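Please go over the structures that come below.
One chain, chain A, links the two complexes that follow: it is found with chain B in the first and with chain C in the second.
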Partner chain A sequence: MEELSRILTQAAGELIAPTTAAYVLAAIGLNLHFGYTGLLNMGQAGFMLLGAYGFGISTIAGAPLWLALIVALVASILFALILGMPTLKLRGDYLAIVTIAAAEIVRMLGRSSGLAEWTGGQAGLRGNEFKDTFAALSPLPDGRTAIGPFEYLNNGSDSWWVRLVGWSLVALALVFVWLLTRSPWGRLLKGVREDEDAVRALGKNVYAIKMQALILGGVFGSLGGVLYVLPRAIQPDGMARSMTFFVWTVLLLGGAATLFGPVLGAMLFWAVFMLLRAGLREGMAGTLAPTQVENIGGLVVGLALMLLVIFRPQGILGNKKELAFDAR
Partner chain B sequence: MPDETTENTVTTENTVTEVTEPASTVEALDAVGRSDSAAARAAEHVLAAVEPKVGVSKPDTILMADGVQRRFGGMTAVDVEHLEVQRGVITALIGPNGAGKTTFFNLLTGFDKPNQGTWSFEGRSLAGTSAAKMARNGMVRTFQLTKALSRLTVMQNMLLAAMDNPGENLFGSLVRPLWSGTEKRNTEKALEILSRFKLDTKKDDFAGSLSGGQRKLLEMARALMTDPTMIMLDEPMAGVNPALVQSLLHHIQALRDEGMTVLFVEHDMHAVRHISDWVVVMAEGRIVAEGPPQSVMQDQAVIDAYLGAHHDTDLGDDSLLDPAVLARLEAEEEKR
Partner chain C sequence: MTADRPNLATAARRLMATLVVAAFPALLAAAPAMAATAPVATDCTPEASTACVAAIVMDEENNFVPDVGVTISGAEFEAQVTTTQEGPVSVEVPQVGTYTITLDEATVPDGLFPDPPEIDVTAQRGSTARGAITLGDQPAGAAPTAEPGETATGGAETPAAGEAGSEEATSGGFSLANAWQKFGLGIRLGLLLALASVGISLIYGTTGLSNFAHGEQFTLGAVLAFMGINMWGLPFWPAAILAVVICTATGFVQDVVLWKPLRQRSTRLTQLMIITIGLSITLQFTIQLLIGNGSERILNTNPTSMTIAGIRLSSWSWASMAVAVLAILFIGWFLTRTRIGRATRAVSDNPALASATGINPDKIVRIVWTMSTGFAGLAGLMYGLSVGTFSWNTGMQMLLLMFAAVTLGGLGTAFGALAGSMVIGVVVEMSPLIPGMPNDLRYATALAILILVLLLRPQGLLGRRERIG
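For the complex of A and B:
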């Protein structure tokens, strides 16, 4: 009984975890790409890793918090430009291939020994090296606070402070996306998603629209990456392809092209994922090694993604009616 | 989109266009009649002075193509030596399936690049101009394979088409007061156009839920939202029911009467005969004839292109709408 309540508390804790907020931001970015504009970005983890590196490396080099954030954002903007320029004039599939490869390149470069002086190579950058500027900003008094079943340090890595900032960012991002998507600009994005030639025939610069969407979504990915590494270290191998697929699962679970889809998707995804892993750990203790538990967890996510796409492509919040004539 | 192919409308490129219910089409068209507006009479008057000969120069040319060629592999889909389109009139572009009409449209509107040739719109050379720029210059087209924006509503389809909306700027979009006025004006304009096309009751439906014919209408209505100086319609009547064909023909004539230049591709000879001021005939990529509708349809080169050689039938003849007559003509052609 005690075990069960521990598992449930752990799972519930995921609902407000910084990692969940980081995934919400990344999924909001992917939603701008895929949900609204129809861009197949298969390398959102690349944007996230680049944001994390940009923030971490510049902080270690002595940059103040605001500058480090700007570096992270500029890095993702440049990345989007480099990816978009050759591919956005081509058919959609090319962007998918290029982004998946580019994200891998970022990771490979990050873990290569040649750049280890900056990136820390395979071992990455330890959290203590880059999170002081962020922690110093906290107005919270030191100590622990318990709210309901949740008890965390006020300041530090896995703290209320990170949660507070993370979810405030999510709230801001939601307002921003809401403003954008209800506007004529948001309508253009959807137009491009539906049929770019039709939009072109009406005198709109489709290339510019797609580029703006790619950049903006990448910036959200980069912000998500920064938030993701604040409670942990920057490890390139922890932000690889599976991260991209997790973000996709989050988005499709919640519902693409919906405002709250990324939020609901991320909360549900991480809570269930934690329930599954904690359950396996407790229930199969002795039979399964911890790495096996992680592997099974990953496998189940993959399966869930497949089932989702086949049986409920509109996700939880998506509109069935909208999807009815989308089978291209 | 698969639903496009499951419809009974013919929207598939390069297939034989459906013959609509003969009797009713003829009735519908007889009810149309040629517009007797000042613009129609002026067009007729001006074009009467133009010699009906391929490549002839027009008194007031809005669009000109010169030596335009497009080859697909070894096959030359378009080879137009010289063509001028008169401003403010309805020009029909006709020709058998595969003649190169759609390809020519694509070249003119920047959706395809010719292997060689020059062309100009309102005196400006258009080589290398993007499709979007072409539309902003005032030359807007529709597609043979309708392109409705399925998961946008009919009204959103219309609003998206309006030009110069400050809300379409990424930063402007965040500040609603900057664009709410424009949106309101555009909405009123859209409603007016939609009601002309009998789509106003559908304004909040997803465009994807419209029928094939309704999508054709929506696409045309949407094009009008851009306030074009010249509108190019690729088979606007395909799949539209006879009663609507009639009002569609009225609309097209009304556009001309408002001063717009219309270039349209159509397989229905009766529609062509009824509303066009000038007809250009393409066959195998070349322009084989041009002139006023009555004379062109009796032109031997045109009849040959359509029905094979050795027929003395006038293409505007109503009996050609009868499948039985067509079958007989085909059978005769086979025997030769």
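For the complex of A and C:
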């Protein structure tokens, strides 16, 4: 019984974890790409990793927090431009191919020994090398605070301060996307998704709209990446292809082209994922090694993604009629 | 369009302003930063008064190789450690000075050669001096990597002796013999790539689907052969044949339980593409569950090397290249000379017209799926044999090259995929000859080609214009 309550507390803790908030931001970005504009970005982890490196490396070089954040955002904007220019005039799967390849290349660059001076190579950048500017901003007093079953440090890596900032960012992002999708520009995005030629016939520059959506979604991905690494180290191998696919699962679970889909999807995804892994760890303690538990967890995510897309492509909140769900 | 911009701009400005406002009170508070404990992969943490030496043993894909005995020796000091999968192993050394890192030959996996055989590093107080040794399937060639020291106190660079070696190797890289050898490696990669990417191209041609799970199908060939030999105790040939047969069966089964029902529900292509992604994650984690997260070798015997026309490759490489050529000739014969092959190309060109002439597209698509996964498995098996090691993410890296190859050749054209693969294979393997280009970034050249092709000739070498828009 005690074990069960500990597992449940752990899973509930995922609902407000910084990682969950980071995935919400990344999924909001992907939602702008795929949900609203119909762009198949298969490299959201690349945007996140670039954001993390931009933030981490510039902080280590001595940049203040605001400058480090700008570097992270500029990195993702440039990345979006490089990926978008050759592909956005072509059919949708070219963007998918190029983004999946580019995200992998970013990871390879990060772990390459040639750039190890800046990126730390395969070992990555340790958290306390780049966290100080962010931690120094915390107005919270030192010590621990317990709210309900959740007890964390006020400041530090896995703290209330990171959670506070993370979920505030999520709230801001939601307001931003809500305003954006109600604007004429937001309607253009949906227009591009539904019928590119019709939008073009209205005299709009479809290429420019797609590019703007790609950049904006990439910026959210980059912010998510910064938030993702704040409670941990920057490990290029931890932000690889599976991360992109987890973000996709989060988005499709919650419902693409909905405002709260990414939030609901991320909370549900991480709580269930934790429940599954913690349950396996406790229940099969003697028979399964920890890495095997992680692998089974990932396997279940893959199966869940397939079943989700086959049987409920609109996710929990989505509207099947609205979502044409086809590549551009 | 222009009327919308101010909206976006003000919104962005508001966001930035909020960030600045949020940051301001904290600037005043300036709470002391708490030292966060991050996971450090080493067991020696450099402090002001201690010096560390770390040994890194990696394979050609830059994965850590576990269970290799390493001796770190210097003035009045000798330590023996064993590498782990997690990262560099480091030891605290008593005094500053030069230390030599050597590998225990008996623990190096057979058929792999340490490059360089030993490395000297200079230990300094307050830093970790790292020496990296790469295990390659060639006795010499790849540039040794020496990572700069990770300094805790000052900006002092820790020079490692390996760096001098890397310059030698770089200047040696310009020799004609070296270039020719790299060209040989490129042909080997190109042939294996061709065998795998022809499947992607055929699936795309007949169904319009980009199969993101094709990389895992590639790895599966090597994984099954590895398991057959090392876990089930089968001799080589039965294990290899069984691996290819099972891989072929996966394509057939996939079409029966997954792709055909989805075709009948007329599921949209985007949905199908995301399903291939789900399949790819599922297969990837299944493979990790089966063989673990490290590099593996299909055969533990020492391969003999053969020199043909000045190119020195393992005999497995030569055999694999011969098999790949035969298989490609077979595919060419099949597509141009047999009824089913011609029907495949007809479905590729125009499914509606093809079915009007009495071809059953469902049957053709099933043959294409079966064939594609079979050849991908065969290519993966031969990759594992000729390169020496493979790991769960080998196929994922190959997938990038395959996509670059089929795009270069023209998506959906089988012969384009063959031509594109040869170009990508040779360019990728020869790219380390470019001065300053690290060996572990050679796959990045494939992405550069991919982007250039899409900018300059999006239909590829042999593709047709109407396919891309």
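Note that the second predicted complex is superposed on the first by the 320 of 328 C-alpha atoms of A that agree within 3 Å, B and C clash if a C-alpha of one lies under 4 Å from a C-alpha of the other, contacts with A are read in each partner's own complex, and residues count from 1 in each chain.
Quick note on the criterion: contacts are C-beta pairs under 8 Å (C-beta built on N, C-alpha and C of every residue); 3 or more make two chains touch, one makes a residue touch a chain.
If you're wondering where the values come from, they're calculated on a predicted model, not measured in any experiment.
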Which superposed partner A:I296 touches (first chain B, second chain C, both, neither): second
A:T9 contacts which: chain B (first), chain C (second), both, neither? neither
Between chain B and chain C, which makes contact with more of the residues in chain A? C
Return first, second, both or neither, reflecting whether A:V98 touches chain B, chain C, both chains, or no partner chain. second
Per the contact definition in the header, classify A:D142: touching chain B only (first), chain C only (second), both, or neither. second
Contacts of A:L188 with chain B and chain C, given as first, second, both or neither: both
According to the stated criteria, A:A201 is in contact with first (chain B), second (chain C), both, or neither; which is it? first
List the residues of chain A that touch chain B in one complex and chain C in the other. 176, 179-180, 183-185, 188, 204-205, 212, 325-327
Sites on chain C touched by chain A in the complex: 1, 3-4, 7-8, 11, 15, 18-20, 22-23, 25-27, 29-41, 58, 62, 64, 87-88, 132, 145, 147-148, 150, 210, 212, 262, 267-271, 273-275, 277-286, 288-289, 292-293, 393, 396-397, 399-400, 403-404, 407, 438, 440-441, 443-444, 446-447, 450-451, 454-455, 458, 468-469
Interfacial residue positions of chain B with respect to chain A in the complex: 1-3, 109, 111, 130-136, 140-143, 147-152, 156, 159-161, 163, 165, 167-170, 172-174, 176, 179, 183, 206, 208-209, 219, 222-223, 225-226
In their shared complex, at which residues does chain A touch chain B? 176, 179-180, 183-188, 190-191, 193-195, 197-206, 212, 216, 321-322, 324-328
Mind pulling up the chain A residues that touch chain C in the complex? 40, 42, 65-66, 69, 82, 85-87, 89-94, 96-98, 100-102, 104-105, 108-109, 111-114, 116-117, 120-123, 126-128, 131-132, 135-142, 153, 155-157, 165, 168, 172, 176, 179-180, 183-185, 188, 204-205, 208-209, 212, 232-233, 240-242, 245, 248, 252, 291-292, 295-299, 301-306, 308-310, 313, 325-327
